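Here the structure is laid out as structure tokens; the discussion comes afterwards.
In this document, chain identifiers A, B, C and D correspond to the written order of the chains, with residue numbering beginning at 1 in each.
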Amino acid sequence: MFALQLALSGLAQGAIYALVALSMCVVNRATTVVNFGHGDLVMAGAFVVYLFVVLAGLPFVASAILAVALLFILGVLIELGLIERIKAGPHIGFALMCIAFGYVLRGIARAVWGREVLPMPTVFNLPPVFLGELVITADALVIFAAVGVLLIAFFLLFYRSSAGRVMQALCQSERGAALVGINVRAFHGVMWGVGAALGAVGGVLVAPITLLHPGLGASFLIKGFAAMTLGGFGSFGGAVVGGLVLGVAEQLVGGYVSTKLIDITAYLVIILVLALRPNGLFGRAIAEKV
Amino acid sequence: MRFFLIPLAAAAIPLVANPYTQFMVNLMLVYILVAVGFNLVLGNLGQLAFANTALFGIGAYTGAMLMAHAGWPFWLVIVPAGVAGAAAGFLASVTALRGIRVYYLAIVTLAFGELLRWSYIHGERATGGTDGLAVPRADFFGLALDSETARFYVFLVIVTVLVKALHNLLRSKIGRAIVAIRDNELATASLAIPTGRYIVLAFVLSGFVVGIAGSLFAVLIGRVIPESFGLIELILHFAMVLVGGLGSLFGGVLGAVALTALPEFFRGFPGMYEMFFGGLLIVFLLVQPRGLAALAARWFPALRERYYRER
Amino acid sequence: MKYFLSLLACALATAAVAEDGVTANSIKIGIMGPFTGNASSYSKAEIGLDAYYKWVNDQGGVNGRKIETVLEDYACDSAKGVAAVKKLIYQDKVFMLHGNSCSAVAMAIKPVVVEAGIPWVIAHAANPAISSPPTKNIFHGVPVGKTMGVAMGQFVSSKPGLSRVAVISHTDDWAKSYCGPAKEYLASRNIKPIVEEAFERGQTDATAQTLKIKQANPDFVIACLYEAETAIFLKDAKKFGLNVPVMGTAGTDLENTLKRVGDLDTVANYYVPHMYADNLDGPRLKKYADILKKYYPNESLTAFSLISMGSAMAVVEALKRAGKEPTRDKLITELDKTKDFDTGVLAGHITWSPNDRDGVKEVAVAGFVKGKPTVLKSWGKPL
Amino acid sequence: MLELHDVSVSFAGLQALRNVSLSARGGEVRALIGPNGAGKTTLFNAITGYVPLSAGRIALDGKAIDGLSPHQIAARGVRRTFQNGGLFPELTALENVLAGLHSRIEASFTGILFGSRSARAAERAALARARELLKSLGVAHLADQPVKSMSGGQQRTIEIVRAVAAEPPLLLLDEPAVGLAPPLRAQLVELIRRLAGEMGIAVLLIEHAVDLVMAAADAVAVFNGGVKIAEGPPAAMRADPVVLEAYLGHG
């Protein structure tokens, strides 16, 4: 019972990690860039939703949609205005650029809110649900539902629609795609937008249950990395499973070993995976496909 | 010998500085080591390693713990601090050698640094936990380092020696091998250069220099606390190297001096620090990716980075 | 240029009065706080402090002199902290220091201030080691963590039949300054925590912690957590049927916690140490909240906001007593004459002497009684 | 001096080279020709240790070198150029050539760090040698230019200078004439002949241009589909029906 309850709570956490990891994966697969500023996009999503809910007084769902749309635009702008312009330089440049814009976002959040710690009013004030002896909060249910719907929509779009097939082709070979007349720049912009928007959903979902502060993104970046690494870098399905596994692992480590270790589970996962299975849990399956 | 003119000129600083400006100058000296050490891996070797704050922290904690717990004098802990940093650098290089993918090194070293910080927080008995560890009054071969001026001269000598050694190194077969690996690792091996060995060497040397910087930092601040070695510090290190000039020793010095001093001017504006550093990085990446050093070399060709020496 | 100007200003100042930082019509006080960075929410204490000094000036100042505050930010970073305090002492040449929120940084700063010999009243940082053993020039103006922890421990142990205590805590400096002394106090009464769980800042789920605490079956839980995490823990406790009283810290506000948790039922059993003489929005504190509002209209009021005003009053009193020609030595002597000083803000009175610089030794505890936040003397006994 | 016995290389089940035997001798230029994908560059990569063999043996002066890593093989006196350019773009021509002299510079680590007299002397000697090489091959004026700012032909030349700097007994040139204007091609032929003739280097040359092969090579090995299909003097190869078939069949 203890283990099951831990696993259940872990899955709810993991769902958010999965979303963040997936959103980082989208950017990575499409543009080969690993976005070290992604945590700050998650933070930005949370802050924007706060703005709309608390300051503009909009309902949560409407605010969430607006926030995600804004972050999509921000993602496109970052790609076209910053990343695309340093294409010619070394790869280190991309990483530094991502860190830089993330830092600017953090600075903006800090300049606007400064010393204030921002509590969001509770959004889903519903009683917890009991499944036998297991308990699950309404917050967790909402997260499950939102992430589930998004994941299904994403995978359908990417693997089943014709637009998705074009995207897949582009991920395989940019040069080929350019020859066939596809606008690679626009594609990169859109994928950055999608990545930022998905990341923002993560921020939107945690906003009601955590305290908002400008440094919020850092831990999501690490969890996203850990989930991605676990799932084999660049694999969408792997990122999702990796996120869920990480969420459950954190709770189990906390429950059975020490709660002090919860915060570093992600780091341990990264180091262990790279030491033992550098291609992630599903590395082999992916290698065979190529 | 022209090299030594700069530290010689700097030796006059205490005549015009008050203890505050002197402290800032001492901090600059520490960051010069941080930046030139980091630059060796990031700029010269071209490896995206995020371990620099970890190396810095290991050096600081090693120095502080040896002084506080084992009662060693300052002059005796400098080398162990460097060795501890070098050992951490070695660990990072092992990952770099395995680095099948460009970003793995970055992620692993990031995780490594945060794990270390966690261990500083939880290894209370040795590290003092979040409260940090007080560094006993340092003395350098009997000379008490209790004034900023005394610290300045000791730091100046250490920094001069290390930077000069790196300067020699970069203008030798070793420096060329390291840069060659960055430019084309496969071709480097075709010239009978053992690339793996030089990758390890660059990481180890970088760790050594940054580890020593850590021990100087510990003595300068008088206390080591885990918060000093987090991600914000890492971004400062990145900014120093990039703004100064990736792969340029002189650039590292320039970046360290500029970015230790600049933030002093906009203290107290919330968010300004982050926006300034983020904005600075963006501007340099877009407009001047080779940093201040390249700008300076345009005006003074003598400052261009060379990987050989005439004399 | 700036440097030479300050030299010039200094030369002029020295011409007028002997002591640094005092001119014919001003006294310079350096206020260092973490105004930026991840811990900037602590700096609300220094903002409140600055507001109070501004208000003092509008009431006519001290002995005909206006208080000139110099705010220095150190972002809760040790290097910046040392730089800031050196700048205040040697470049701005302030008369005294009043400030500091981060304990670890305060410990780094301490040797610098001791060496300079300049009076320093600690505005907010709670580590008792800053002010004790006493040094010539350092005064603690808020209850130290130990006082707070002892109050927490006393309250917890005043619950009849108490034997099993569980602890859930962040692993940072701030949390330790509360939980550490509370545990020490309980240990002195032979009560050892049956289980200690870590719950880090930013985590959004406390399932593992709550379940483990519940399995240990405690009578009381001590929670050294920030507001958001406190709310998460209280919600999880209710969810998993952990129905025991919870002792929190002064960093959480009862009303805010109620707002975050959403229903009274979940917080009905939550208690916090209370440093103030009244509820934050109570009538006795209204005057001070209004002072803050007047000089910082956009600043929201939190549990940190008014905490340093008490020591500011003590400083103003001592400065008045130090007379027309204040020197640092005179000020230190006068500060040491502060006895049982009722600030009207803090629950405890301030008493300093050369042998004891831990100025505030009493803290109350507050909890919900019949749905209203109420200050309590001990378990079940309102003040 | 270089002997390949039945060398095979395969990538993920695909055979790139099958049972190739080949040799190279000092003072001789041997050209490898064949259509794209015939396995010529793979053969170079196999000799220099960049790809593992799936079967066969490679020996240099009678000692096996297969299984060694690229830098170890290079240390035994094998140098190569790369089809897509193997220079260090950020470095100058002089620094590139100095990198080629790496193993010739006898200086200890501490000597280098502290700038000892002997370390400086070793570096100085290498510098003089690099300058002399650049001069003797007619590119002294490029010495201080960063390689990335040079034309394709200049880069090819610098890469050859760098490859021969340490006087290797065996040199592998991978399409050195790509992108060269006709007068430069003539110079290149002359250079290759000098390397073999004057310095006694064994040269393996991958080249598509028939005229260049005819002018430079002493012998020609023809590859197709990972197999060596013919070998002999240039003139004979030109007339060989098997060779013509391989080329025309693809042409």
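Of note:
The working rule: a residue touches a chain if its C-beta (ideal position, glycine included) is under 8 Å from a C-beta of that chain, and two chains touch if they have at least 3 such contacts.
Worth saying up front: this structure is predicted, and the values here are computed from it rather than measured.
Between chain C and chain D, the least number of touching-chain steps is 2.
Between the Cα centres of chain A and chain C there is a gap of 37 Å. A separation of 48 Å divides the Cα centre of chain A from that of chain D.
Separating the centre of chain A from that of chain B, both taken as means of CA atoms, is a distance of 32 Å. Among the residues of chain A, those in touch with two or more other chains are 110, 114-115, 214, 260, 263. Listed for chain B are residues 122, 269-273, each touching two or more other chains.
Chain contacts here follow an irregular pattern that is not a line, a ring, a star or a complete set.
The full set of touching chain pairs reads A-B, A-C, B-C, B-D. In the complex of the two chains, the chain B residues touching chain C come out as 18-21, 23-24, 27, 121-122, 129-132, 134, 146, 217, 220-225, 227-228, 232, 264, 267-273. Note for the complex: chain A touches chain B at residues 34, 36, 82, 85-86, 89-93, 95-97, 99-112, 114-115, 214, 218, 222, 225-226, 229, 233, 260, 263-264, 266-268, 270-271, 274, 278. Chain contact summary for the complex, chain B toward chain A: residues 42, 46, 48, 95, 98, 100-104, 106-108, 110-112, 114-115, 118, 122, 231, 235, 238, 242, 246, 269-279, 281-282, 285-286, 289.
Note for the complex: chain C touches chain A at residues 35-36, 38, 40-41, 43-44, 47, 171, 197-200, 202-205, 207-209, 211-212, 215, 226-229, 232, 235, 239-240, 256, 259-262, 299-300, 302. Those residues of chain D whose C-beta lies close enough to touch chain B in the complex are 48, 50, 69-72, 74-75, 79-80, 82, 86-91, 94-95, 98-100, 102-103, 105, 107, 109, 112-115, 119-120, 123-124, 126-127, 162, 166.
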